[in-house]
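These are the structures in question, set out in turn.
You will see two complexes here that share chain A, one where it goes with chain B and one where it goes with chain C.
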Partner chain A sequence: MIAPLGARIRQRMAQLHRWTGLLLGWLLFVIFLTGTLSFFRQELSLWMQPERPFIADPVPSKAAFEHAYQYLRQQAPEASHWSVTLPDARDPLLALSWRGPEGRGQVLLNPLDGRRVEARDTRGGDFFYRFHFQLHYIPVLLARYLVGIAAMMMLIALITGVITHKKILKDFFTFRGGKGQRSWLDAHNGFSVLALPFHLMITYTGLVTLMMLYIPWGMEKAFPEQEQRQHLVTDVFAFLPAEPRSGEQAAMLPWEQLLAKSEVYWQGAQVGRIQVANPGDRNAKAVLEANSDQSDILGISGHPPFMVFDAVSGELLREKVLAPAYDSYGILLGLHLGRFADWPGRWLYVLLGTAGCCMLATGLLLWTSKRRKKPGHSRAGLWIVDRLNLTTLAGFPLAVVAMFWLNRLLPLELPGRANWEIHGLFLVWLAMFLHALLRPLKRGWYEQWMLAGILLLGLPVLNLLTTDRGFPDSLLSGDWLFVGFDVVLVALAALMFRFARQKRES
Partner chain B sequence: MPAKVRFHFEPCLRILLATLSAFLLTRWSSIAVLALPWSPEQSVVTGMQLGFVVFAATVIWVFVASSLRNACLGLLPPTLLLIYFSHGAGL
Partner chain C sequence: MAHLAVLSLSILGFRLLAITTSQGAFRYRRELFWLGWFLLLVALAVALGFWSLGLGLTLWLGYLSTGAGVVFLVRALGLPDAR
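Then we have the complex of A and B:
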């Protein structure tokens, strides 16, 4: 009695797994790929702005703060909000941004001399980071809901995938190569089970990062007033809500004094960011946040300690509340962002994220491989799924590489240059979609993998020709980021050529 | 012919029931946590973190149940419980 019931449950779970996977697999692949790239967000930004000076030693924060303060006081005195991100081991420059009635601005400063760093206009690694939870070209809120639905389906597909498996451990140690559908299934199982804890963690914690948007009802019931909710938002995100200016000028306390207070409270943890609301006004407030990279002091939490000061009197108004629910949120957030990770840890994140991409890719390929064999199956459905698989699995990574090409090739003075890099990515992706529709399937796969390989292999050469940070120079000056980038590009090119050869031989 | 219609009809109803009940149970659970003996901020943030688990578990339950009727019966106790506690929190 129990066994057949179990079999029926497994069958229904398999159904749920298959359809959630197919409907959202393409979107999830793109989210997973850009999310995986986001673990190298700072590094991608550095590579995409080769004009940034290579600074080997980090700078003490006090001197850097003074440069930032002077710059903002002169260039953006009327702004309603300042934000300063301090240099750290991953990004050696000072990043300033402001917003106000006259609009927004941002600038990079050299922390050594406070001078402005002129670098090409690009979104850098931030593009991938933003894209992986709010996509592009569609309203931010709508996109976040879409991504949330996809992530929820992913969580369900993961759990149902586990229930579907009778012999999860045995399957994991099985690989039958060169056998079509059977091989795809084994590969899919391998990538899924190998990194299953990671897949579950990253999907669930991803949902948690936007929990205020997805599950707002408790907050709305408990805090019907907008102002009460703002306090909660400040506690959870260290975010300063906009308050009206008093109109009365007042001198702000030197930031050094605020810094001194924070360092006492945080057992020596370094400040990572300072935000000021209404600078220069009687109502000025400052938020100091610790840099969450410091796992030796702060652990893995992605919700670092922060303090809100009255920026004129220096009075401490609010600080991070130590409470279990906030701490568990901080740990979930920290696990998702992986900012605590050192270099081996970050690479492990990237490898596991790649395993996630491979899980989604092999799952999608398995779907078509299974149906190709069944004579009664709708040819039209299979045809379109095949083409979308090609466009997404080969075409999207190719479009990402094309964006790196545009980063080096677009003229520096082109108006809206940063946006054109992004338009370029989507135009190339569109071209790959048309290519997938027009070419015979196997040729299509072969050509897109080949082109991706050629573009990847060409990037180090292009970098050598268009910047002064080519492979020989960066190797000699110990610029390991640029060296590493070239090595990874060549390795990925080899992988693409292998995929292409496989398509030609089969 | 009737057998074939039934075949397509049943999964559709399951999808509908799963989506609707998961949404409602998540919503109620995020309010019911306010009945916990903690500060409202802590309860709210706890509810947000648990909500995703409630959603996923509900969907999976609807597909695990052997029939639609059993799925509904199984949803009844948590629904009543959550509505009771949501009410206690001032619904």
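Then we have the complex of A and C:
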């Protein structure tokens, strides 16, 4: 018989929960917030490039690819590699890139007429996606290890939190408002327990996503030679290894045939991306990859199927292999990325991600709330944690909004414009840190929440003044992305003002 | 439509569970408590009926959390001492 958990074990678990949660809590909050924003990565990129034309219905892949093919044949005939991302429900434009002896290039095309779209230089939603697992300004490998350690701490904090919480079911809906520390505890429990399956899933799958980096020994043991590992990569990923050109020109097969072939093979699933190696050469190869946003046909895997063809003869050279372990990995990856989700599903991810941010925020605030009442507690420690809480929980979201402002305000011709948007985010965050150090704590919270609210409320106005995609025009043309963005900004501004008011009245 | 149905059933199920596990005495507590659980099961059946097994389970779990969260937030915002 298993003995019940003693109070001593629970105490130890509570200690572990407190310290694993606190030490990397600020980093985890930033990772969680940017991860949550990444579920709208494409939508953020569209908003941050208002020059992209609004196209209500996605153009069929065959018609769109014809424009891409014509463009690449004229502009990059000597390239060794072409890549075409076809329009879909989330991104209606064609994204082309190429590389070769004459260098690299990338361009956006309107799939309706094949014309080039000149959009402002920005990292868009990709910045949040990359920052979420490799941070910024520090070496990528180091950052990924740091994020991995934080994720492991989070997993420990979640498990120890469950063990610590004695009345997990009894307290399921308990909230005691206006009671200081007790209210923070109830809010922390609420955000943690109610979305616990999501928190466990997103943390565990986050670690799995980079497991080859954190625990590479299994792979090294199974595939000790570099050549074997290379072979594995070409077997499981939609990847074309570099091969020399034959030097002999050859006409490539009509693309409709390859597109039709793959779509029949994938039971109607649409092609999302096409890569061509050595285009126009006897050695031309093409890899067609399905769009992962088709869960009704392809399931939730983060590794969509692909097929590699000889682009001249049309012969199928290889396709994604069926491997249970790799497919399980694909499902875990798919769960983490949420690319399978349609728009209500993506909102679901965002809501639960927000619950994760709230769980971390309430946990950090609970730590200080508890210690403020303890007479013997170190004042210096409390002072530092309070300032870091303010800088992270109010300052970082404010800096993100500031980045959206910079996206609209920075001159379009500014060299390194995309980087300056990001530098701007960090400069504003630094300013919020200095503000937190210099101002009295309560006043600091009030001012940062107020400023965040003002910036959020001003953003739809700024968008209206600086682009032709303002609220009235977007509403009339049925551009729900821009309409939705403005509505969400106003709602968030109201929330920030409420937080500010509560701080002033507390 | 399926999203809305699963979310509504989750909110309704958790609302009943929240009421029946609150303090205070009222009639049919036991019946309503089990009806709450039953509605959550119906939400699972609807999710599996509309989507595949993997997608249905994933979205059902997500909507369970959202449903519980909505009930929690409504109580937290509406009642100063919601127990």
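Going forward, the second predicted complex is superposed on the first by the 450 of 506 C-alpha atoms of A that agree within 3 Å, B and C clash if a C-alpha of one lies under 4 Å from a C-alpha of the other, contacts with A are read in each partner's own complex, and residues count from 1 in each chain.
As a convention for this text, contacts are C-beta pairs under 8 Å (C-beta built on N, C-alpha and C of every residue); 3 or more make two chains touch, one makes a residue touch a chain.
Predicted model only: the values in this text are computed from it and were never measured.
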{"item": "Which of chain B and chain C A:Val236 touches, first, second, both or neither", "value": "first"}
{"item": "Touched partner set for A:Met211, first chain B, second chain C, both or neither", "value": "first"}
{"item": "Which superposed partner A:Leu430 touches (first chain B, second chain C, both, neither)", "value": "neither"}
{"item": "Partner chain(s) touched by A:Leu141 [first = chain B, second = chain C, both, neither]", "value": "neither"}
{"item": "Partner chain in contact with A:Ile384 - chain B first, chain C second, else both or neither", "value": "neither"}
{"item": "Partner chain in contact with A:Met219 - chain B first, chain C second, else both or neither", "value": "first"}
{"item": "Contacting residues of chain A [partner chain C, same complex]", "value": "170, 172-178, 186-187, 190-191, 194-198, 201, 295-296, 299-300, 331, 335, 340, 344-345, 348-349, 351-352, 355"}
{"item": "Parts of chain C lying in touch with chain A, wherever the complex brings them together", "value": "3, 14, 17-18, 21-22, 51-52, 54-55, 58-59, 61-66, 68-69, 71-72, 75-76, 79-83"}
{"item": "Touching residues (chain side chain A, partner chain B) in the complex", "value": "5, 8-9, 12-13, 15-16, 152, 155-156, 159-160, 163, 204, 207-208, 211-212, 214-215, 217-219, 221-223, 232, 235-236, 321, 323-326, 328-329, 332"}
{"item": "Of chain B, residues touching chain A in the complex", "value": "11, 26-27, 30-31, 33-34, 38-49, 51-53, 55-56, 59-60, 63-64, 66, 89-91"}
